[in-house]
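Take a look at the structures listed below.
Here chain A shows up in two complexes: once beside chain B, once beside chain C.
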Partner chain A sequence: MAGTAARRWHRNRPGTFYAFTGPWLAGFLLLTVFPLGYALWLSFTNYDGFSPHWGFVGLQNYQAAFQDPNTWSSLARTLVFVVVVVPATIGFGLFLAVLVNQKVRLRGAFRAIYFLPVVVPPVAAGFVFRLLFDRDTGAATAVLGWFGLPPVEWLADDKALAVLMLMILWRVGSNMVISLAGLQGIPREVLDAAAIDGAGAWRSFLWVTIPIMSPVLFFQLVIGVIDTLQLYLPALLISAAGQASLDTTPSRGLYIYMVHVYTQAFANGNLGYASALLWLLTAVTLVYTLVIFRVTRRVVYYETGPAGQEDRR
Partner chain B sequence: MKERKLGRRGFLAGAASVLSLAGASATSGCAVRTGSRDAARGSGGGRKGVTTLTVMMPPSEVTPEVIKGFETANPDITINLIKDDQTRLTAMLAAGEPPDVARESATGFAFYPARGLAENLDPYVKDSSLIKESDLAPINDLWRYDGQMQGRGPRYGLTKDYSQDATLWANRTLFEQAGVDLPPDTEPLAFEGIPELAARLTRNTKDDKTAVFGYGGTVDLTMAQLAHMVAAQGGSLFNDDLSAVDFSSPEAVKAIQYWLDLARANVSYGPTRPNPAGWDGNAYIAGRIALLSMGYWFQGQLAGTPEVAKVSVFLPAPTFAGKRLSPTYYGTGVWIPSKAKNKDAAWRFVEYFIAGEPAKQRAASGWGIPSLKSLEPLMPHKTPEERQVYEVQRRELPYFDIVVVATPYVRPQALAKILSAEFKAAVPSGTSAGKVADSLNRQINDLIAQEKGKVG
Partner chain C sequence: MIRLRTALRSGGLYAVMLSLAILFILPLMWLLFIALKTPGEMLEFPPHVLPRTPRWENFVEALTYVDFLGYARNSVALAVLYGSLVTVSSAMLGFGLARLPAPGKRFVFGLVVATLMIPPIITLIPTYLIFARVGLLNTFWPWVLWGLAGSSFLGFMFRQFFAGLPRELEDAAIVDGCGCFRMFWQIFLPLSKPVLATSFVLSFVWTWGDWVMPALLLNDDRSTLAVAVGSLYQSTGGGPLYHLIAAAAVMYSLPVLVLFLGLQRLFIRGIATTGLR
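Here is the complex of A and B:
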């Protein structure tokens, strides 16, 4: 009896496997591979979604992208954003996680308070940040006034990028939660052993906690950079008081790469050119991912490898 | 019976089939589909015999009452309202699945008929018992396009209501506080005098904050504002077939210079002083703007704040270079996409919205000048404030004229982006109007040349 069941299971294994993986694979093909392929095809055309006469333009869109000063300036701005915001959110998130991991009263309340900005709708956040950084009535001007400094027009020109950075940093609660989960996974006995060996709190954090946390921090680094490269909605929301639209013309500081793509695709109707810009971003993201995996191979610590043995990748 | 096992090849073949079908259905959306009025009748229904009409409009305009009124009068039609969104409309048009009724500005509309995307409404107007050609206000001619020029040929849309958008609202209290006489409402100001007037009205605090801005409105380079200023001087931004622009003419440079001077005068929100609320109307209501260029429709907005309405005075549109021309920058209205599934039902909604009860209610509430001349007497004029606005608006109407502010070859939003970006860079850098003009010529003419070939 048992043998028959085992044989039936053995016979059905491929079907069972595909039944379980099929929905994901279908979604992957339909929602990822097909759009990517479609966008790749569009990137070789001058299609705009409206006009009757459009066609194949070869590599013209890619050539135009490399010659377009807005591509380079928006990409540079985005990279500055990535270099500042990603390490800051990871570092500050870890700092908050360490704080709220302490055995203090109202620990749950502190965790909730730090996480609260994450659940605020981005539209509301954009509107509030515009008001906070208004030259005449904003809280930022009031703070400058305490130090005898004159009002600053934060929302114009490149200074608007600083406002956008602060808006993203304000949502550091999501990084805090991920790091907190990592901290709580550190075995108590390892920390106790370090203490017995004479390690103080700082040395223990630096040489025990951080290495064990490295996969968690690495995950945040990879995802953080990819998310930040694709960021555009907060920039539009800050530009237009919470109402992102085609009529929005962002300040220079808010004209990041994906805003450039959005403008080309929907305001200018250059779907082909926008697709080329997206494929260039995809290439940048792929290169970044490969490089970051290679560079961090000796830094990120994994407790067990594929064979169940200690592994350093 | 032979047992069939799902192997790797079978699975991949199935997945490929699904993918092909999805691709086919997606690309079929791009295929040209033709449809006649009769063929479209009654299609797209949900319940049996009931047509579902997809209307892409703001919920603030197509309210539940408007929908209920229409569905009661037309029990064979049910409305599926989707919020108007240019990005979504772009995607729907690109997929060949547009809404049945959409919303757009009349001034920039030629882009759509030039690509065969809009339905000719002339046959519908001809057969209509509610909308008569002779009753249409002149603004409706902006929806005409003959394949080359806007303002001529078949009509592709109808304005719901409109304003002469350069008309001004003055806050009497702020004028008194600044010790400035309120301008008469019988004679227009001159654009050229506004920076100086606004400077006198602007109030700065000791710590260099601005408590009151002298002027408010769209302090930006826009095609509509520039085109009307150039037209006031007898010129045009476009060549005869709208295939090129000329911002370097003396008339256009003078207009660009005006906006650069105003923005640099620091008397208004603008590219170097973004309005945190995003819209100057709110700042005017909050008592932070003394003179606002917002048009007649703003009366409807002021109705919600009677204390502000009481101290507000409506003024004529300023002249430019001495010529009196009272422009309409938008003339927003409705149109039916040529690939709409339910054109007849769509027209019934357009009739109801333009000439039925909603139009009468809009006219009576002061939200705009009605699109039909027969509805103009409904414009509010009971209270002293309403009468003042009504009289100024009545005197203003003859100064409306059709001015082309867009080319059919380029999306109006694309032009707006180029102008606005150029202005944002030029104001703080001190760039001259001539250099701005040259840069605009190069960018926009390159864009037109690139896009012109796509239009049939």
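Here is the complex of A and C:
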């Protein structure tokens, strides 16, 4: 129908496409590419934000980054964090999704309760977790006290990282809803067929549900690793206890990579050095993303065109 | 016999779900308890759980100790400003990606997906230096710019929605002699009301909850509630006033919690399709 009109329409559209995506493209250039480039340039200087005498120092900042024991220890802490938190949130999220996908009464209410922490603003969440695990006044101390156990200094050393992990795990609701959407997308017939073939609930979960869910779980893995690598605010908030400031340094146990970056930038004023640290992380993130995209094309499984037809480029 | 087993099983299921629910609610209850304790009671050792007599004055004090309502006004202004701009801009991005063919479109789509992987925190330090240089510190302009630029997460969500609509919509519009922009405003946008609402609500809640950007870009007296609750309740000696912070945190969290309970569906769909937390 309307052959010529449709053809004219198609001819007109390249410009229109760029008109519609123009704001985003402009923002991408000005607010992402340009700052990243600026940071790259700064990473070769000794800029500190104040001193008028600053200049090009070549690769010194990168050299310093590799020799800085804080870089390695914060990186190690971050990796431990990623390795524990990402599988834990995906697994626990899937478990909760299976629970609230059962046909039980009040499941809507349970769903809402498990998701609720995701909506609690980070400032409030960080403050609560700081106080829950306060040595003298915390709920953890109260609970230990009921069993006659002495209080524990949760936030002083590496145990603080466990508190941070708990806080992230508390916000598992986003993983739950992603997995839940995946579970609800599994065709009824497939599960029925498995049941007819004599598979019990557990076996059909392992051999039918999990394989069908694999893109959904994989998606969470990709996003989860990147999110946790760049975690900053919760660490700052837990150690700050209502006195958060960009130039305070969190305690040892919470000194993860992004904390290292921000401490160098704002507490120590080493903006050039911080830019180098940022770029190292950016490079790791980009390489990770590229590898992921190469290794599995499944990440692009959401690439479908308008209903019932191929994607027209 | 079988009946008994199903009863036991569903009983066990409830027990598990209920204990988990209690664990999830616990931190919020603890916050509320602290908000109702006296300053001295808060610091007692060993700690006790329930406040002896709820001290509701904490809430009144929290409202006046810092200019709570002023900060709330800033938070609302920023969240509405950013939320509406980013929604329109992301809807346009999604529409272009889903419905308009052009050379280079695949590349643009690749860029959008790639930026999903670059969280803003990574560009924040250089962005701060650039905004400082061009004089945008302590203004709301950064949020306007971020809003106009749209979000790749939300753009992606809109793309998914627009791509699912039938092709006939365009054909009808073309026959009616309707241009692209009119088609977008008069046909596609009205159809996407639930997605628009999701986008607005999600971006509202992010801006409401964000601490880093306002702490970095705004002075303390022009900042948002997040910064006030996170940093400004200090005694004259410089120590944190836990009971007031807790009361302020309750009042600060309540609007978004209520928003969530009222609009659950929107939140859950938004997060399930974008993966953003």
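Criterion: the second predicted complex is superposed on the first by the 277 of 313 C-alpha atoms of A that agree within 3 Å, B and C clash if a C-alpha of one lies under 4 Å from a C-alpha of the other, contacts with A are read in each partner's own complex, and residues count from 1 in each chain.
Operating definition for what follows: a residue touches a chain if its C-beta (ideal position, glycine included) is under 8 Å from a C-beta of that chain, and two chains touch if they have at least 3 such contacts.
In this text, all values refer to a predicted model and were calculated from it rather than measured experimentally.
Participant: Should A:Glu153 be classified as contacting the first partner (chain B), the second (chain C), both, or neither?
Facilitator: First partner only.
Participant: Taking the superposition on A as described, I'd like to know which of chain B and chain C A:Leu116 touches: first, second, both or neither.
Facilitator: It touches chain C, and chain B stays clear.
Participant: With the two complexes superposed on chain A, say which partner A:Phe34 touches: chain B (first), chain C (second), both, or neither.
Facilitator: Both: A:Phe34 reaches chain B and chain C.
Participant: Name the contact category of A:Ala240: first (chain B only), second (chain C only), both, or neither.
Facilitator: After superposition on chain A, A:Ala240 lies in contact with both partners, chain B and chain C.
Participant: Which partner does A:Ala26 reach: the first (chain B), the second (chain C), both, or neither?
Facilitator: A:Ala26 sits against chain B and chain C alike.
Participant: Let me test your reading of the model: by the given contact rule, A:Val86 touches which partner, first (chain B), second (chain C), both or neither?
Facilitator: Neither partner.
Participant: With both complexes overlaid on chain A, does A:Thr137 touch chain B (first), chain C (second), both or neither?
Facilitator: A:Thr137 contacts both chain B and chain C.
Participant: After the superposition on A, what does A:Tyr232 contact: first (chain B), second (chain C), both or neither?
Facilitator: A:Tyr232 contacts chain C only, not chain B.
Participant: On the A-aligned overlay, A:Leu271 touches which partner chain: chain B = first, chain C = second, or both, or neither?
Facilitator: In the superposition, A:Leu271 contacts both chain B and chain C.
Participant: Does chain A have more residues touched by chain B or by chain C?
Facilitator: Comparing touch counts on chain A for chain B and chain C gives C.
Participant: So chain A touches chain B in one structure and chain C in the other; where do those two contact lists coincide?
Facilitator: In chain A, positions 14-15, 18, 25-26, 30, 34, 38, 49, 131, 136-138, 141, 145, 151, 240-243, 245-246, 271 sit in both the chain B and chain C interfaces.
Participant: Applying the document's contact rule, which stretches of chain B touch chain A when the two form their complex?
Facilitator: Counting only chain B, the residues touching chain A are 5-8, 11, 15, 18-19, 22-23, 26, 86-87, 90-91, 93-94, 111-112, 115-117, 207-211, 271-279, 411, 413-414, 416-417, 420-421, 424-425, 428, 447, 450-451, 453-456.
Participant: Considering the complex alone, what residue numbers of chain A touch chain B?
Facilitator: Going by the criterion above, the answer is residues 11, 14-15, 18, 22, 25-26, 29-30, 33-34, 38, 46, 48-54, 130-131, 133-138, 141, 145, 150-151, 153, 155-157, 240-243, 245-247, 249, 251-252, 263, 266-269, 271.
Participant: Report the residues of chain C in contact with chain A in the complex, numbered from low to high.
Facilitator: By the definition above, chain C touches chain A via 10, 13-14, 16-17, 20-21, 24-28, 30-31, 34, 42-49, 89-90, 92-93, 95-103, 105-106, 108-109, 111-119, 121-123, 125-127, 129-130, 145-146, 148-150, 152, 155-156, 160, 162-167, 170-171, 174-175, 177, 180, 184, 205, 208-209, 211-212, 215-216, 226, 229-231, 233-234, 240-242, 245-246, 249-250, 252-253, 256-257, 259-261, 264, 267-268, 271-273, 275-277.
Participant: Which part of chain A faces chain C closely enough to touch in the complex?
Facilitator: Where chain A meets chain C, its residues are 1-2, 5-6, 9-10, 12-21, 23-28, 30-32, 34-36, 38-39, 42, 49, 96, 99-100, 102, 104, 110-129, 131-132, 136-139, 141-142, 145, 151, 170-171, 174, 177-178, 180-181, 219-220, 222-223, 226-227, 230, 232-233, 237, 240-246, 258, 261-262, 265, 271, 274-275, 278, 281-282, 285-286, 289, 299-300, 302-309, 312-313.
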